[in-house]
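What follows is a single structure, and I will ask about it in a moment.
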Amino acid sequence: MSVSSLFVLIILGVVAAFYFSRTRSLNLARGLGGIKNLHSLPVYYGIQAALWCALPCILLLCVWTIFDDAIIRSMVVQYLPAEQQNLPKAEQALLLSSIENLANGVNLSNAGQFQDIADRINSLRSISNMALTVLLFCAIIATGAWGWFKVKPQYRARNGVERVFMLSLLGCSTLAIFTTVGIVFSVLFESIRFFNIVPVHEFVLGTQWSPQLSIREDQVGSSGAFGAVPLFTGTLLISTIAMIVAVPTGLMTAIYLSEYASSRVRLVVKPLLEILAGIPTVVYGFFAALTIAPMIKSGLHGLGFDLAFLGVSFGPLEVSGESALAAGLVMGVMIIPFVSSLSDDVINAVPQSLRDGAYGLGSTQSETMKNVIFPAALPGIVGAILLAVSRAIGETMIVVMAVGTAARLTFNPLESVTTVTVQMTTLLIGDHEFDSAKTLAAFALGLVLFIITLGLNFFALRIVKKYREQYD
Amino acid sequence: MTDKPLKTIDRVNRTLGKRHRAEKRFRLYGMLSIGFGLLCVLFLFTNIIGKGLNGFTYHFLELQVELDRETLEITDITNENQILAANYSGVVKRSVYEFFEAQGRKNKASARKLIATEGTGYILQGRLKENAEDLVDTQTTVWALVDDKVDFYLKRLGDPGEPGKHEFNEQQLQWIHEAVEAGKLKRKINWAFFNAGDSAHSEEAGIRGAVMGSFYLLLVTFCLSFPIGVSAAIYLEEYAPKNKWTDLIEVNINNLAAVPSIIFGLLGLAIFLAFFGLPRSTPLVGGFVLSLMTLPTIIISSRAAIKAVPPSIRQAAYGLGASKMQVTLHHVLPLAMPGMLTGTIIGLAQALGESAPLLMIGMAAFIPEIPAGVTDPATALPMQIFQWFRNADAGFNEKASAAILILLVFLIIMNALAVWARRRLERRW
Amino acid sequence: MNTNVMTETAGDIVAENKPVTADTIAEQNADAYETVGNAFCDQAKMSMRNVNVFYDEKQAIYDVNLDIGTNEVVAMIGPSGCGKSTFLRCLNRMNDTIDICRVEGQFYLEDQDINDKKMDVVPLRARVGMVFQKPNPFPKSIYDNVAYGPRIHGLADRRSDLDEIVENSLQKAGLWAEVKDRLHQPGTGLSGGQQQRLCIARTIAVSPEVILMDEPCSALDPIATAKIEELIDELSQNYTIAIVTHSMQQAARVSHRTAYFHLGKLIEVNETEKVFTNPDHELTEAYITGRFG
Amino acid sequence: MDKLNIDRHISQQYNSALDDLKKEFLEMGGVVEKQIIDAVQSVAEADVDTAQKVLTTEQDVDAREMAIDDLCTQIIARRQPTASDLRLVMSVSKSTRDLERIGDEASKIAKMAIAISESDDVPHGFSELRNLGRQVHDVVDMTLTAFARYDVDLAVEVVSKDKVIDREYDTAMRELITYMMEDPRNISRSMNVIWALRALERIGDHASNISEQIIYLVKGLDVRHQSADEMVQQLNQE
Amino acid sequence: MDKLNIDRHISQQYNSALDDLKKEFLEMGGVVEKQIIDAVQSVAEADVDTAQKVLTTEQDVDAREMAIDDLCTQIIARRQPTASDLRLVMSVSKSTRDLERIGDEASKIAKMAIAISESDDVPHGFSELRNLGRQVHDVVDMTLTAFARYDVDLAVEVVSKDKVIDREYDTAMRELITYMMEDPRNISRSMNVIWALRALERIGDHASNISEQIIYLVKGLDVRHQSADEMVQQLNQE
Amino acid sequence: MNTNVMTETAGDIVAENKPVTADTIAEQNADAYETVGNAFCDQAKMSMRNVNVFYDEKQAIYDVNLDIGTNEVVAMIGPSGCGKSTFLRCLNRMNDTIDICRVEGQFYLEDQDINDKKMDVVPLRARVGMVFQKPNPFPKSIYDNVAYGPRIHGLADRRSDLDEIVENSLQKAGLWAEVKDRLHQPGTGLSGGQQQRLCIARTIAVSPEVILMDEPCSALDPIATAKIEELIDELSQNYTIAIVTHSMQQAARVSHRTAYFHLGKLIEVNETEKVFTNPDHELTEAYITGRFG
């Protein structure tokens, strides 16, 4: 039987185990004069039996399906002709997989001469499948029966079920740690390899960024400059522009909505603004590249012209088609609801009693806001802003779409700059050698980005905590 | 104190005017901010909708096509291979020449360039596949796709500078306008856009593949992240003892929530593709990556939802002798469910619009086929938008706008779902 | 629901053997009624006349007339939901913050009608301060909490004046000795009772003429409560105080006169001794002796 | 009909505590009333046994007084009574003392009865004694009824009746003194009658005190140290 | 030193209310004491003016009694006293009645003084009267001191002294009766002396009652209707 | 802070003229002490012996010994933070839910030591029910609120059994008449007092032997409070009740015996009448007469 039908079989067994054990416990209860004389409710006996049945059987199924191919493979190796047996490991593996393909009925690599081995594989496979089916069948019955027999009035079924429940929850919660570890590992090794090629100081302090397109491994490092400073200044520039737009607007919006606006206005305006947060970044990128950047360009050209016309000695402003300003502005707009929604939540979380206290003393609304609510909400607001900053730093698509890849060390918002994330995508997109310095550089950039945002978030959490300790 | 001590109320009145003015100013700033925000929304939407709607329509030319065997190069109607490989462009071209009454090589070439012959051929191929016997050797009417340049030109007829006009010679322009006036060249909804996969030709490119890709992505993401996220949240809020280990988990989750999405792309690239060797460009891997990315969002919002369940409810249940699992499943979970679901849907909406990590795992590849499962190579809506955007062809840009509209509709639907779920589940006792 | 039950029994007490239905109660409510006892004062600091308060359509206060004398402590008692808080919050226009609340009637603070729409609430609230049910110190230092009011109202020209105001207020609130060494630590770090005294100090700091208190001890334990009560007594030397309380005993302990509210009506106002030994109205008697419900 | 609504508290325990208090008080009143009847009878009929009975009952009355006082204290400590409840407790606490004193006076009469019975012949003043005894008993009875019914009018009547008793006592006293002066040998025996008369007069006073407490209880007015007329006037003012 | 810590409440008002109560009570005690002295003096010196003064003071005493009772009721209503505070209020409320009665008895003596003064010659029993008067005054004084100091020992002493007074009263009474028998013309005048003696004896009893209340107040023990010995025994058990 | 103040005065009262410093207090705390009065019972339903409770390093309960008699109402009073709630929560192991809380000593429920680590708390809590400070009905219907306990403990095999249990419990909690027509409406829609009675009904529904109440009336108004007190009195016919309360008056009204806690020590246990008219210990006296602070 196929794996999926075996799986269905297990499920059937589990359901049966549940049902019969539950019924058994109910019968026992009737004999004892009521369910209250059992240690646990009948449903727990059912679940306990079901777990007893499900866990070993699924384990068996998994282990078997994972290992059977490998075992069969090692079994067929001996049937290969002697010269093939002595092949290097990699080539042997290649050969074996082509034989397996043959067994599956796909003859891609003309491995026709191994038809007999393919047949053998097929027969081994069917034996294995038979064995698995029989074994699983027995296992289901055995574990189910075992669970059924364990149903006794004093049996602590509930406690057992709860243990399993708890352990599975624990397992889920550790996934976050694995993710972090995964991230670190996935960027760390590549980065180390990169730093073997390009020294760290060169990467961190260098002001030239021009990763040479390299096709072959032996070209690596021979040319190209991997100085990341322009990338970081670019990132900084764009993020700064974004925050300049987003923070005041977002904050004032939050304040107005939570303190001044009538409930009807809030009901309409808040979701409207939240739409801004929900729009995918590609859309913003699209918007920035196709609408804002041309607008800025033409707008500022006009401005430059006007100024010149007035006799001021400005030449027409040199505006690049892909300016940091466009990306920054759009990113700022995107982040507004980020700041406003989070701040709004924080401001609303300030207890009404504080407001009452301030009004009761004769404060005006803005005084209440500035002197009482804002300080009380500050840790939350700072947290919100820092989260927004890290969002801005990590933002990819807007910059990819609206800003060029020209790594320029400048703080002029009208010039084209590039950012860390943009470089990562351009370096990785497409099918390059996985080992080229160019690809590896992306991982190094990733590592640095990770460290920066980590630091930023750590900082944010610390701030929030510190203030909270003081004011709660 | 001054020589003449003031009464409290006099002192209060002294500064009153100034305070009220400050109040008015403050309020003004707030209104300006909101105005700015709303303006942005308005601008963004009019812009996107204005651009996007064009993408759903296309210009078609009503052509009479003679489907004779010879030109089609079909000998046996029952042979499917022959029908598939028939020379449809030939008959289309012939009809085009006839339609424009084009003579001479140069004129014929000009006429041919006005029509997307291959695309039109596909339409004919589709018809013949269904019913070759009745159609072969008859004349049939087909709305032929015009060339994307024609479409571009026609859609912008009123615009200043007549964009796209320079692509055509006098003759072509004359033909086009004649056809339009004769009512033969019409702007119609381009159904192919909804039904087809990606294509190298903008007039044939459709969104279906990306939509299905996104759907599978979300399916995988939801199936993984919701149960895991909720479980983790429950563990952390209800079970976890307060120690170094749980602190570590907590700090981790908070950090992950703010890690740039592109880093998750790197993770997917290095772990799922390079280490586990899972197939590239598949919704499965994309789903894994997006799950990891949305997990912190889900965990954090679920934890907030669990935290919002008043401890008094738990105490009440404990006091009655409920076990921890019973307390959690009977009381905490149902009460936290609306919050968890909203958090999840918001997380999924984010995942839906997410593109940077997908770039990393190759979901930006050109994939014309419509995926039939989670292990088929696929692309996703934002990826499709990105790709079309980067294509120099103006037709693709229009498609990108249309795809954006579709994506936004998706998002709005999901957000509505979140609101609905919240309303539905949140029992206002 | 509770109110219903109460109403029933209240009715019983009024018209002894006659069974009282919801209808007759409704009738009663619609009727004009007269407050028994002694609702007026010669030296009134605040005078309320014909006060009616509505929440949307629902009337919460019916035609109340009451004076609060200078340097007098008036306690307001009554069953839950009878409108005590609503009435109190009218006295410094705190009801303005509730959209659906509509207040009718005249409220004189000395000679000024404070319910006038043109009245500026900012100086009003400086004159009529308020202390709330739950202690609500601002998340600032103790000093800043007390200095807040004087600062926003510009009551102190120099730092030293401010210091003086803060010290005086804390002295009057009986908190100086306990906090003088930690004026710059957060006010939220104090115990509940101290927090409430801090809130009182904060209110005193703007030298109000009237202090309103809405169940100021309901979140406190008996010892802290006793201290606040003691403080109220001391404050009544210089301030006019109106206090809402759920605890009849507290009303008995701290007030000079006691006003009994019932379903939005002011049933009886009398000297506190009289109310608690020999009230004039059966409803008052029923409430203070625990015969409702 | 219970005007004070003692049984209308939310707390049944409170109801029953107050009810107990009232019942105990009335019971004690009953015992004391019996004492008066017995005492007067024992004097009139020179019945030593009855007199002895009165004397033994005295301890019961004392115990009851203490029990009632304890109950009052407990009600105050546990229930924090106010208004009518408080007045009830306070007036019972005051009146129980009067009842106890009435019992004491009855015992005194009983003691006189024993003393008198030791001599053979019937001293002068017996008829007056019996007459006064009946009136005093009536007054005490009225008082208890007034208390049971919270009847202010009856209580006022008690006060005015006590004045009548006082006058009769004066008359009897004058007569007895005249008699003593006529027959000095009888002085010591007559003195006994005088003490008995005096005791009856005091009983009337105590009944009057209790009635004043009843008025306080029902009306909240302290009418002590006033004449009956003043009292009526004040009550009418209300 | 104030063992009951009346001035230790958080509430100054409560402190001062209890303090007032105590002060009022002691003041009333002072007035009554003065009444006793005056009354005895008026009898002894046939001083009608002093007697008249005693009679006028009577109204003051009545007013004080009512004021103190009112104070007690108010404290209970406003302060919900418990434990020692409650005992203080209750015992003052009981004792004030005794003080008032002492005042009454003093007035009676004063009335006798006026009656006696109308005749010229000094009746028998004057010396006893004066003697008993001094002792009774001592006892009342001791009682008030005991109350002021919450002194249980002194209170017990009062109770035992009262027994002595009772004995002396008996002796004086017997003597007077003998005298009356000897000289029946004097009966009516002697009767006045008898009433005065009797009043003094009652004053002693009332002082004893107050002392019992002091013991209750300080120790929480109800020692009424017990002999001094029993009392001491019970106090020692504690 | 508050605690300090209290301690000082408490010290004052114990050793009258000697000024008491923090040191002597600490000494006192370390000393063994003896509970005065009458902490034991013949017919004890629960017996606690040598109870010490720690929060991390901080000791909250010192060597407490106490019996609670069958069908007795024991009230626990004392200044804020003296450990009343902590002690009460030991009685059904609710302290297990606080990680840092460590409980030492023996707690016998009849003959069983419930502080045994092997003891399963689920059946224990079915035997020793708890009612909390704030009414906390589940956001379910009234019926489901009451039926929840019987359901999880499998007390009813049939629907009709469950109906019966629900009705009985609501009857006993004096709520049946008020809610019988709306059993399937949400429990949270009731008034505060009704909610608290619902919580009591919910507790009764699992037929506990002991009911613990931690300030059950502190969130209620006087009328609702009176009803709950009345209910407690009725329940004491069939249940053993331990109640923590801040209101001394409440303790006086509802309990048979009163236990006075002070700084984690059980100072005095006595018949309630005795405690409130003539307590044995000076600290008790000082507390109930309002002489602390």
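The chains carry the letters A, B, C, D, E and F, assigned in the order they are written, with residues numbered from 1 in each.
In the analysis below, contacts are C-beta pairs under 8 Å (C-beta built on N, C-alpha and C of every residue); 3 or more make two chains touch, one makes a residue touch a chain.
This one's a predicted model, so the numbers in the text were calculated from it and none came from an experiment.
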Report task. Note the shortest touch-path length, in steps, from chain B to chain F. Result -> 1
Query raised in the report: Out of curiosity, which chains are bumping into both chain A and chain D?
Result: C, F
Report summary line: Using C-alpha atoms only, the most centrally placed chain is F
Report summary line: Interface with most residue-pair contacts lies between A-B
Report task. Give a one-word verdict, same or different, on whether chain D and chain E use largely identical residue numbers at their interface, taking over half shared as same. Result -> same
Query - Separation of chain B from chain C, taking each centre as the mean of its C-alpha atoms, in whole Å - result: 59
Report task. Round to the nearest whole Å and give the separation of the Cα centres of chain D and chain E. Result -> 22
Query raised in the report: With chain centres defined as C-alpha means, what is the inter-centre distance between chain A and chain F in Å?
Result: 49
Query - Distance from chain C to chain A - Cα centre to Cα centre, in angstrom - result: 55
Requested in this report: Return the residues of chain A touching two or more other chains; collapse runs of consecutive numbers into ranges.
Outcome: 158, 362, 364, 367
Query raised in the report: Out of chain D, which residues touch more than one other chain, so two or more?
Result: 9-11, 14, 73, 77, 80-83, 86-87
Report summary line: Flagged in chain F as touching 2+ other chains are 122, 152-153, 223, 226-227, 248-249, 252, 276-277, 290, 292-293
Report task. Sort the chain contact graph into one of these: line, ring, star, complete or other. Result -> other
**Report entry** Full enumeration of touching chain pairs
**Finding:** A-B, A-C, A-F, B-C, B-F, C-D, C-E, C-F, D-E, D-F, E-F
**Report entry** Parts of chain C lying in touch with chain F, wherever the complex brings them together
**Finding:** 1-2, 5-6, 79-80, 178, 190-194, 221-224, 226-227, 246-249, 290, 292-293
Report summary line: Touching chain F in the complex, chain A uses residues 29, 34-36, 38, 41-42, 156, 158-159
Report summary line: Note: in the complex, chain B contacts chain F through residues 241-242, 310, 312-313, 315-323, 326, 330-331, 335, 427, 429
Query raised in the report: Quick one: in the complex, what on chain E touches chain C?
Result: 9-14, 73-74, 77-80
Query raised in the report: For the complex, which residues does chain A have touching chain B?
Result: 158, 161-162, 165-166, 168-177, 179-180, 182-183, 185-187, 190, 248-253, 255-257, 260-261, 269, 272-273, 275-276, 278-283, 285-287, 289-291, 333, 336-337, 340, 362, 364-367, 369-370, 387, 390-391, 393-397, 400-401, 421, 424-425, 428-429, 434, 442-443, 446, 449-450, 453-454, 456-458, 460-461
